[in-house]
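Shared chain: subunit A. Partners: subunit B in the first complex, subunit C in the second.
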Partner chain A sequence: MSDFIILMKSELVVTTIIFLLLFVKIGKGMRNEKLLPLIQVLLLINVLFSFVFNKEGSLFDGMFSTTSLIAFQKSILSLAVYLISLLCSVWLKRSEHLPEFFMLMLSALLGMFFMISSGNLLIFYLSLELSTIPVAAMANFDLQKRASSEGAMKMILSSAFSSGILLFGISLIYGTTGTILFSEIPGQLDGSPIQILAFVFLFTAFAFKLSVVPFHLWTADVYEGAPIATTSFLSVVSKGAVAFIFITALYKVFQPLEETWYLMLVILSIATMVIGNLFALRQKNIKRFLAFSSIAQVGFILVGISAGNEIGISSVVFFILVYVFSNLAAFGVADVISAASGKESIDDYKGLYKTNPFLSWIMTLALFSLAGIPPTAGFFGKLFLISAGAAKANYIYIIIVALNMIVSLYYYLIVVRAIFIDKNEQPIDKIAISKTVKLALIICGAGIILLGLLSWIYEHIQSLTV
Partner chain B sequence: MMQPGLYHILFISTALFFIGVYGFLTRKNLVTMLMSIELVLNSVNLNFIAFNKYLWPHKMDGLFFTLFIIAIAAAEAAVAIAIIINLYRSHNSINVENAEELKY
Partner chain C sequence: MNLLLIILAPLLTALAVLVCRNKEQVKWTALAGSLAQLILAFLLYFAFRHEKESGEPAQMLFQQDYALFKNPNIHFHIGVDGISVAMILLTAFVVIAGVLVSWNIEKMTKEFYFLLILLALGAYGFFISLDLFVLFFFLEISVIPKYLLIGVWGSGKKEYSANKLALMLMGGSALILVGILGLYFSSGGSFNILQLANTNIPGSTQNYIFPLLFAGFGVFTALFPLHTWVPDGHSSAPTAGSMFLAGISMKLGGYGCLRVAAYLLPEGMKEYANIIIVLSAIAILYGAFATMMQKDLKYINAYSSISHVGFSILGIAMLTQTAVTGAVMQMISHGLMTALFFAVIGMIYDRTHTRMVAEMGGLMRMLPFISTVFFIVGLCSLGLPGLSGFVAEMTVFMGSWENTGAFYKIATIAAAMSIVVTAVYILRAIGQTVMGPVKKESFLSLPDAKWNEKLAAIILLAGILAIGVAPGWLNDLLRPETEQFMHKILGVK
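Let's look at the complex of A and B:
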């Protein structure tokens, strides 16, 4: 019994918060100004709680398992949710259905927790659905906006379709191996054509959720249509969670098929980087721009995953931690500007430095980190990913990856140039930033710099993976 | 009379799967697209039941999986229908070609 409570404590905390919000909703109800700080405190407790009382072990015959690496991954996700609740507080305060929004978001987070911990294809499928269905409802949260419902429609249809494909793959795996336990599948895999087919189906479903090219078509539309709180949740938290479980699936479950998936990862990561970069070059809207840049970042994550060893795991976890800070900072600045002035075009950012130096510096730091320029953490994240990918000594592949980094530098610098150098007759007015948003932006900025300077964080992650 | 074997059922389920995929990719009406997805999910259900009955009769994993898929499919359809109704309110149509603001 006590094992049950300690091993599942992150899930239990999130469930408790969901129920508290439910009671607030069905009770007298609270004004948003009071409720939002309460939720933020609860989420902060959730983050702090995820660092203590960690124990390794498994429950329910191996259906659910926790290791210290998984606990660390869960704390990254909780931290990201806490930062989102701070960053988007302007939009959230105006929202009519604040408790519902957080209930949906935390249900999705709960699904991701179970997904990372799952040791069984059934639990994996259920938690994957729990982590995607609420996000589709969140994408539709701007009920009056046409683009919001269009984005939500694209999201729910493509995610339902991809889960259909995933299930077909799982059914073939079950048919050929007779088991759905992660620990028993590798021994039964013999590389017969039907198993390769099943693996390709599963891989496709993962690629849909991670928005790997050619399954990326929904991404930019959903990111643009959805409210920014949802967009940042989708781009950081759900990407991170799917990347974590993807590593488990490839390294543990499909270990016997390593030669197959290495080739698939190489081809898909090159396609993802090239197409993400080329589309990001021509974007005018900042949200679409960040969407395509995040597609390109997924390509880099796949490079790290292709390593197939412990260095691959630690580099991906570290990169996602960096990515949480840098992407949330970029989305946070975009959210502040679009909430205050309604402007979302990159051209409107011209001359931003004159009026809003703080926002400009945070945005620049975030974009430098995404591009991978040395003092920021993004450089080390990319460095570790690429050196992990070089483990297979496939140097042509690594050269293509490095060239893509140069292309991505170009379009990130376009935005920086617009902010600092380009002249503008009517720059965006000075924006009054509320304290919570400022706090979150400072946390993100500090995270970007400190993760690059403090080497013990990466060493800590590396010690967890061994 | 000939008893249906595993291959007969796998043939039906695979055909159903690809009919569903074809319908999803070609239909323009959102509700029909949703129905195509249901076809895909039902083909998976058939697969699980057939594998469970013919190949692994002592492991009930396939049967349980089917029950869960039915429940999840209902939840997914509920959210999808809610989103489609909301889309209809703003666009006055459930044709995908009318929802075309977000492009490239």
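Let's look at the complex of A and C:
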């Protein structure tokens, strides 16, 4: 019993918060001004709690397991959710259905917790669904906007499609190996065509969730239509969680098929980077722009995953930690501007520095971190990913990756240029930023600068992966 | 001497600039900071000489080593040899002059000085790092300040130039990154320059890592045909930006070619030396002839920079001790000279509001100080004895001539011919601007240099004269290092 509580404590905390919110909702209800700070405090407790009382072990015959690495991954996800609740507080306060929004978001988070802890394909499938369906509802939260409903619809259809493929893959795996336990599958894999086919199906499902090219088509529309709180959740938390379990699946479960998936990763990561970058070049809307840039970032994550060793794991975990701060900072600024002025086009950002220097600097830091320019943490993140990928001495691949960094710098500079250099007759007015949002932006900015320079953080992650 | 001071000084200056309240505070903080950097650079020079004279055998002095990451194996490892000391002195001279000539910047003063000092920080860090990763980190730090300096404070087609510069330099960095990762993995996991120098990397491996590194640093130092960012970048940048770009940033590339590409990959260097000689000879001649066609003073100096920097690449590729010494001297000399050139052009432009040679004339009457400096720096550029340009170029030629073989002789002669062309364009440009009749009425009332401009010019002139009149000290500083360098390159057969 005590093992149950300790090992599942992250899940239990999140479940408790969900029930608290449910009671608030069916009870008398609270005004948003009071409720939101309460939720933020609860989420902060969730973050802090995730760092303590961590124990390794497994439950239910290995269906659920946790290690210190998994606990750290859960901390990253909790932290991201907490930051989102701070960053988007202006929009959230206006929302008519605040408790529901958080209930959905936390349910999805709960699903992700179970997903990265899962030890067999059944739990994995169930938790993947739990982490996807609430997000589709969240995407629909701008109730007046048609684009929001359209995005939600696209998301639900594409995720249903990918679930179908996933289930087909799982059934083939079960059929050929006779087991769904992660620990038993590797011994039964012999590389027969039907197993390769099953593996390709599973891989495809992951690719859908990570929006790897050519399975990325839903991403831009959903990101653009959904409210920014949802978009940032999708692009940071969902991606992060799926990347974590993807590593476990490849490294532990499908380890015998390493040659197959290395080749797939190389091809798909190049395609993802190139397509993501080329489409990002043409975007006019900041949300679509960030959507395509995050597709390109996934390409980089795949480079790290292709390493196939502990360095690969630690570099990906570190990159996602950095990515949380950088991407949330970018989305946070976009949300502040969109909430205050309703403007979401890159052209509207022209001359922003004149009126809003603070927002401009945070945005610039975030974009440079995404582009991988020192001294931001993104530089270290990208470098570790690339050096992990380079360990296989596939230099042509590494050169292509490095060249993609140039293309990505080009489009990040488009936004920087709009902010600092381009002139605008009617720049966005000076925006009064609330204290919570400012705090969150400062946290993100500090994270972007310090995460790389404080080398013990990466060392700590490495010590977890051994 | 604690080397950390060399990077702490600019870092603290940059932070102090950020908390300043008004423009005056910003300017004086930046000036005080750059003065401190200059003093530190001198202290470093004297401490270095003292150590060397007392018979310190180590190749790199004042080393400090802090482990940053275990895997990949990254250390914050710093140390200096004679070449780095010379480069740090150059940087300190250019920084203080750059701060002084930007005294009247009105637009976003705080941001301007912050970025300027950040750029300097990148350069200082680059010159003292002994770990390839740290070196790369500092190299990259300086890319974004350049972009913003040109984009925000520049003139002309500044957006285009800023973009082109940032992307080309980033492209260079990408090649360097792949190159240093190649070094890292083929040496069994080390970024340490001293360790890598003692590791035997197979010749075939060197042959494919070397071009990546040399081309990567070549972008920074405007190696033909990777020079195309130079004319646009330099001409669009604000005065101090051009000074930093040509005076410091291009030297990062030259230093990298020498310290990283050539020093760590001697087999590769020997393999590709002839190609590099041809390319640098082309750069020297092409730069000189292209300058002849220019009508804008900044373009004149930008193209002539391509030609002058070609000499330092030529010197490195000639692979004799004298030539390599000359190459480093040329980097220092050209850094000082071109910074002063851009400073003077900026001063003239501030007054006449034109940079077109044809629109100016007779400036000597109104601007005696500026015109005199312009004249001196022009003479330095065309290699008049007594000034630094002569010393450096002469050393390169002498070193190149030591090579027997018709190929080397022809390349040397071709490069030497460019001096005639240089004389033509320099004398023509100076003659038309400084002498002759005054072209516009409004020019008659132009004021001469102010105190800050005079000070900036005098500081840089002092550097030029110190090398030109008494090159011994620089030679003593560089010789032992280049000797060691040649020993390493030619020793491995």
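Following the convention adopted for this analysis, the second predicted complex is superposed on the first by the 466 of 466 C-alpha atoms of A that agree within 3 Å, B and C clash if a C-alpha of one lies under 4 Å from a C-alpha of the other, contacts with A are read in each partner's own complex, and residues count from 1 in each chain.
Just so we're on the same page, contacts are C-beta pairs under 8 Å (C-beta built on N, C-alpha and C of every residue); 3 or more make two chains touch, one makes a residue touch a chain.
Just so you know, these numbers come straight off a predicted model, no measurement behind them.
A.B. asks: Given the touch rule stated above, what does A:Leu263 touch, subunit B (first), subunit C (second), both, or neither?
C.D. replies: In the superposition, A:Leu263 touches no partner, neither subunit B nor subunit C.
A.B. asks: After superposition on the shared chain, which partner residues are touched by A:Ala136: those of subunit B (first), subunit C (second), both, or neither?
C.D. replies: Only subunit B; A:Ala136 stays clear of subunit C.
A.B. asks: Taking the superposition as given, does A:Tyr410 touch the first partner, subunit B, the second, subunit C, both, or neither?
C.D. replies: second
A.B. asks: Quick check for you: in the superposed arrangement, does A:Phe168 touch first (subunit B), second (subunit C), both or neither?
C.D. replies: first
A.B. asks: Quick one: classify A:Ala446 as touching subunit B (first), subunit C (second), both or neither.
C.D. replies: So A:Ala446 meets neither subunit B nor subunit C here.
A.B. asks: Tell me the contact category for A:Tyr458 with respect to subunit B and subunit C: first, second, both or neither.
C.D. replies: In the superposed model, A:Tyr458 contacts subunit C only, not subunit B.
A.B. asks: Taking the superposition as given, does A:Gly225 touch the first partner, subunit B, the second, subunit C, both, or neither?
C.D. replies: first
A.B. asks: In this superposed model, does subunit C or subunit B come into contact with more residues of subunit A?
C.D. replies: Partner with more touched residues of subunit A: B.
A.B. asks: Jot down the residues of subunit A that show up as touching in both complexes, subunit B in one and subunit C in the other.
C.D. replies: none
A.B. asks: Across the complex, what residues on subunit B touch subunit A?
C.D. replies: Touch list, subunit B to subunit A: 17, 20, 24, 30, 33-34, 37, 40-41, 43-44, 47-48, 51, 55-56, 59, 61-62, 64-65, 68-69, 72, 75-76, 79-80, 82-84, 86-87, 90-91, 96, 99, 101-104.
A.B. asks: So in the complex, the part of subunit A that touches subunit B is made up of which residues?
C.D. replies: 121-122, 125-126, 129, 133, 136-137, 140, 143-147, 149-154, 156-157, 160-161, 163-165, 167-168, 170-172, 174-175, 178-180, 220-221, 224-225, 279
A.B. asks: With touch defined as at the start, can you tell me which subunit C residues reach subunit A in the complex?
C.D. replies: Residues 68-72, 74, 133, 137-138, 140-141, 143-144, 147-148, 151-152, 158-159, 162-163, 166-167, 170-171, 174-175, 177-178, 181-182, 184-185, 208 of subunit C touch subunit A in their complex.
A.B. asks: What part of subunit A is in contact with subunit C in the complex they form?
C.D. replies: Result: residues 311, 368, 373-375, 379, 383-384, 386-387, 390-391, 393, 395, 398-399, 402-403, 405-406, 409-410, 413, 416-417, 420-422, 455, 458-459, 462 of subunit A touch subunit C.
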